[in-house]
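Same chain, two partners: chain A is paired with chain B first, then with chain C.
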Partner chain A sequence: MFQAKDFKSDLKPIWCPGCGDFGVVQAIYRALASVGRPPHEIAFVSGIGCSSRIPGYTTAYGFNSVHGRAIPIAQGIKLANPSLLVLVAGGDGDGFSIGGGHVAHVVRRNLDITYIVMDNQIYGLTKGQLSPTSPRGLKTVTSMYGSVEAPMNPLLNVLAYGAPFVAQGTPADMTGLSQIVEEAIRYPGFAFVNVRSPCVTYGTEADQIKEHRARMKPLQSLGHDSTDRLAAMGLAQHYCTELHTGVFYRNPTPPPTMEGQLQERQRGLADKALPRHKILDIFVQK
Partner chain B sequence: MDDLVVGMAGSGGDGIVSAGESLISAAAYEGYSAIMTKSFGSQVRGGESSCRVRISTRRVHNPGGLLDVAVALNWEDFLNFGAELPVSGDTVVIYDTKTGVAPADIPLVGVAPKEVFAVPIAEMAREATGTEKAKNTVVLGLIAGWFGIARLSMLRGLEKKFAKKGVALVQANERAFVLGEQFAKEHPLSAPRLMDMPVAPKAKMLADGNDMTAAAAIFAGCDFFAGYPITPSTEVMQFLTREIWKYGGSVLQAEDEIAGVGAALGASFAGKKAMTATSGPGLSLKNEMIGLATIAELPLVIVDVQRGGPSTGLPTKSEQSDLYTAAFSAHGDVLRPVLAPTSVADTFDVTVEAFNTAEHYQTPVIILSDQEIGQRKETVDPIDTSRVKLEERRRPTESELRDYARFRMTESGISPVSHPGMKGGNYQGAGIEHNEQGNPTASGKLHAQMNEKRFRKLTPIKARRDLFHIEGNPNAKLGIVAWGSAAGVCREVYTRATAKGFDVKLLVPWLVYPVAEEIYRSFFASVRAGFVVELSHQGQLYRMLRMFIDVPPGVVSLCRSGANPFQPGEVLMHLREAAVSLQKPAASIASE
Partner chain C sequence: MTRAIDFRQISLCDAVDFAILVEEEAKERYAELVDQMKLHHNEEVTRFFERMVQVEMGHESILASRRRTLFRDQPRKVTREMIFDVEAPAYDDARSTMTVRHALEMACTAEKKAHEFFEKALKEIRDPEVCDFFTQLRDEELEHLRLVEAQIAKLPPEPVISAADVEDEPVGH
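After this line comes the complex of A and B, so read on.
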């Protein structure tokens, strides 16, 4: 019914030629076409960063908000109108540094939101500073003698928070990435996709498309059972050294979503309401 | 007697606040006008607690000043509340004999009340119920006995309160009440002080400001609330958590203040009326998101129930020191309406107005309440809600959707706004500057045009006379301006001063920002002396007015730091001085 081009806007991306994010937005077009919801029923929220420009390159309703706060805004949208398809996207700095405090909570609430992080392990928009996922020892303009901080592990963190769907992809494998994004969107609960999206300008040489193609290890080829959360965590430990792609964990019995439970509560209490214009009767001394 | 102020203090388990609640409920039921404030020590549980209940046959606007009745279950706790429970020579002092203090030796400094009663309160409670828990019921009996207030309603209230715990407890408490009452009858006051009957013996509403904010939000069509617990605003969220589901709405207790305002903004983007509530520290954290609501032109209501600041400040005490931050904070050229209620009753109107303004102008609106209004209980006369019009944001028509531009330049500056789910209305909401379509721009020209649009659309609000309460002789030379909880004090000052023959006028704004220059200019035109009354160290409204208009030199700032609200007598004294200054010959004023 829909084709990938139906989700592509006329806006020209600000990304550098060769940026991994071009692949991510392509994968999103394809996944959305396959899922088949019309653009006006999609709300696509982002924060700040190169990758956070992404909603504008789609025909969906977009909200390019403030740094690190895409998740709170997306939660408000989803709770206000659970029938919308809600996507959140942003970079590793947006999601795991300035906005890191929100991730644990959207996960434990289990809203049916898909969160795509374009993880390039660097701050690109501000021109090459250390990010929360930058490897130890990395020399950048803010770590001229090498980073002395351990990178955080997005996969392991989100798994530990209890996310029912966790996957990783790379634009080096467009078919795989599109499938992962589609599966994440279709998952009836919170879904997290970490995309290792190379920064051609400030990223390391080992973290480029060509190198990804050589290094990537599809989890399927390793015989990983994606219903096994502990096995997923075992594999996710190698985030810094290995490039595993595919679904790490998919809870086969999706836990209840927050919005689903609240809708049930709303239905259960609907007949107990005073009409809105009589709400003040609550205060009358009887 | 038409006005009675009762102040009571005791330890945590004494149930002194519960007694206050019984008293004000009974008063409300009988049709009196009443206000109750409470105050606690810093302990989470136990410790000292106190309350003040003012009951009147006329509408009361503030908790009053000096106490007519002081009840001390023990003196240490009573004295801890110092200025909150001021005693005068005319105060009837009631205390528990158990404290072992002789009436001549009560530890009050600088006053010698004429009527002092040592009452075996604990002993009577034990006699009636077998425990001392019913001390507060004995106190209610004493008050009913001496002041003739709401006897039947209080007995009825006791029955309701204890019904669930069994008939025996109801009867025991009735005995405790009657013992108190009998004691009062056997020890009459030297001059009787019986309360007059209420003018209209019809039950009034009883609410605190925070509950009223929440109820008004539901009335106005609020479908989403997100917030983070913070004193003294949390009751707004608690009320909505109880009620909003019934209307198909939702509450999110967010992980932090930023997420609270962010989720509310998201809900607004999705097309719903949304609100968040906080206090000073939370408002500081929400600033960036409020700026985003401004540039994204999304309706959003933010409640700030002010407490003493800066930083943690005085979390449980009132202050009016967030006006600057409410008006000016968030970086960049921002403008948003700030509305301040002055009582629980008009918290309803202000909250509905905030939603209407937010929706109409597609803007964040801050409701600047304060701890005193938010947490005090107040009787409220029936509100005719059928006169209240509710506004919805201007949504695009079918034909506007064919060539839709979210931020279209219109004459009013207000552009039709779509929301996800609306076919053809797809657009990019953004914190980044944008063109009419919503696409990002770095053009200085577009930025200037958009800034101008965002300011222009709010201009009409400054002409809203109905957001100002002005009374008195238009040509009066004495003028008082007061906002928030201080306005409740000044309304009484105005009434008392006018009754005494002062030629004074009063201006109380609900709209505290933007400054409505013309309305203030015309008010100040005749004024030669007076003040702007507010509970903050700097006198923020006074200084803000001077940013925008020429305030007459004789009008000064009457301000002080928070915690203890102004008292009518205190402001009246300053008014007298101002009046005297006007009576000096012109020459002597000029030489000063």
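After this line comes the complex of A and C, so read on.
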């Protein structure tokens, strides 16, 4: 049996005091303790950004990789060793801008990976530029007169690609968030958790934890049926105006995972496989 | 914000264990704030949070000693995973350029939160011994709150140039 502290590393977070990510990492510790897998059986991959520092703050095997490339690396890890519990963390820029192209593919392949996006709607590490989820009209150093771009909707995005598990949380409700992360990890397939983790330095004042606490709407309290994908998509459309928390969609019949199918195929082809000493013969010109 | 604790059924031993964990959580949170303030070279507030670590450690130690006297090696059923933010100051209240006044206000909010928590829990508790114990804890939180408020009252007024004038302004608006 594990405790949350078993997943906390000796490395001290260097986020700005007040950052939402402090709560997110606490929720992750608790979720991992509840799931009960030992740290050495967990691979935690991230890209680049404030939130991508998270793997280092855990005792799991961590890989703080390159910008936007956490998902392909995580897929490689999962396929090489399907028994590992693979987590991916990153920001909205990392996941939906530079790394956006990978999201569709990890969803359609359905690997058993949990992807946690700390969506602060801004590039914080590089000092406050527009990110793909920044609201229209937001004034930043790269949009002095206000953004003229519509934000992308991470929830609708992954739901449209067919993600079997989609949820949203906020560190304003750390108990709820740890439950959501735990549920995502336990889901047998690709699970996406969008965490509205405010940037205390460059984020808007209307999007800080206290405001989240006041305006969050747990989906459970709305009577939402999380097995209804269309209802989930309907609620996800309000990403810009409402802060819904909880599980939007959980496919009650989890589709087969890519690693599961490949393992099955490997077993099926085992009889036809060449012995190791014959493999090089394939390349010998006759 | 707790989960898996049913205050209607809680025994005195579990209640004491719960109280120890509440103090432990607060102590660890203040220790995290010490690290955050050290990193940002905010020495005055670092010292204040270090003091708070000692205070919470003191409370924890008194409760732990009481537990040993009353229940010796009785196994612990309450775990840290069952509690969240009972008396721990909120992460989001911290700022790199915060002043001692701001830090004291943060401690005040934490004590108020704990007081409200025990007040609410008391409505559910049925065991008279647990009820007495939680009443004592609730009243202690109020006492701590008064002590912190007295400290705030002793502080000189904030400087004309406040921390907000020198910190990075949120860009987005």
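Brief remarks on what is shown
Simple rule for what comes next: the second predicted complex is superposed on the first by the 279 of 286 C-alpha atoms of A that agree within 3 Å, B and C clash if a C-alpha of one lies under 4 Å from a C-alpha of the other, contacts with A are read in each partner's own complex, and residues count from 1 in each chain.
In the analysis below, a residue touches a chain if its C-beta (ideal position, glycine included) is under 8 Å from a C-beta of that chain, and two chains touch if they have at least 3 such contacts.
Because the structure is predicted, anything quoted here is derived from the model rather than measured.
When both complexes are overlaid on chain A, the residue A:Gly124 reaches neither chain B nor chain C. Shared-chain residue A:Val66: touches chain B; no touch with chain C. Once the two complexes are overlaid on the shared chain, A:Lys272 sits against chain B while remaining clear of chain C. If you count the residues of chain A touched by chain B and by chain C, you find the higher number for B. In the superposed model, A:Gly189 lies in contact with neither chain B nor chain C.
Contacts of A:Thr140 after superposition on the shared chain: chain C is touched, whereas chain B is not. Contacts of A:Pro151 after superposition: neither chain B nor chain C is touched.
Legend: residue contacts after superposition of the two complexes on their common chain; A:Leu280 is shown touching chain B, with no touch to chain C.
Legend: residue contacts after superposition of the two complexes on their common chain; A:Gly93 is shown touching neither chain B nor chain C.
Annotation: chain A has no residue touching chain B in one complex and chain C in the other. Here chain A touches chain B in the complex through residues 11, 38-43, 45, 48, 53, 55-56, 59-66, 69, 71-81, 83-84, 101-102, 104-105, 262, 265-266, 269-270, 272-273, 276-277, 279-280, 282-286, going by the rule given at the top.
Chain C contributes residues 1-3, 32-33, 35-37, 39-40, 79-81, 84-85, 90-96, 98, 168, 170-173 to its touches with chain A in the complex. Partner chain A is touched in their complex by these residues of chain B: 25, 28-29, 203-207, 211-212, 215, 218-219, 221, 223-224, 226, 243, 245-250, 252, 254-256, 258-260, 262-272, 274, 288-289, 292, 296, 348, 380, 383, 385-386, 419-432, 439-440. Against chain C, in their complex, chain A makes its touches with residues 3-5, 12-14, 16-20, 22-23, 30, 33-34, 121-122, 127-128, 134, 138-141, 171, 173-175, 178-179, 198, 200-205, 208-210.
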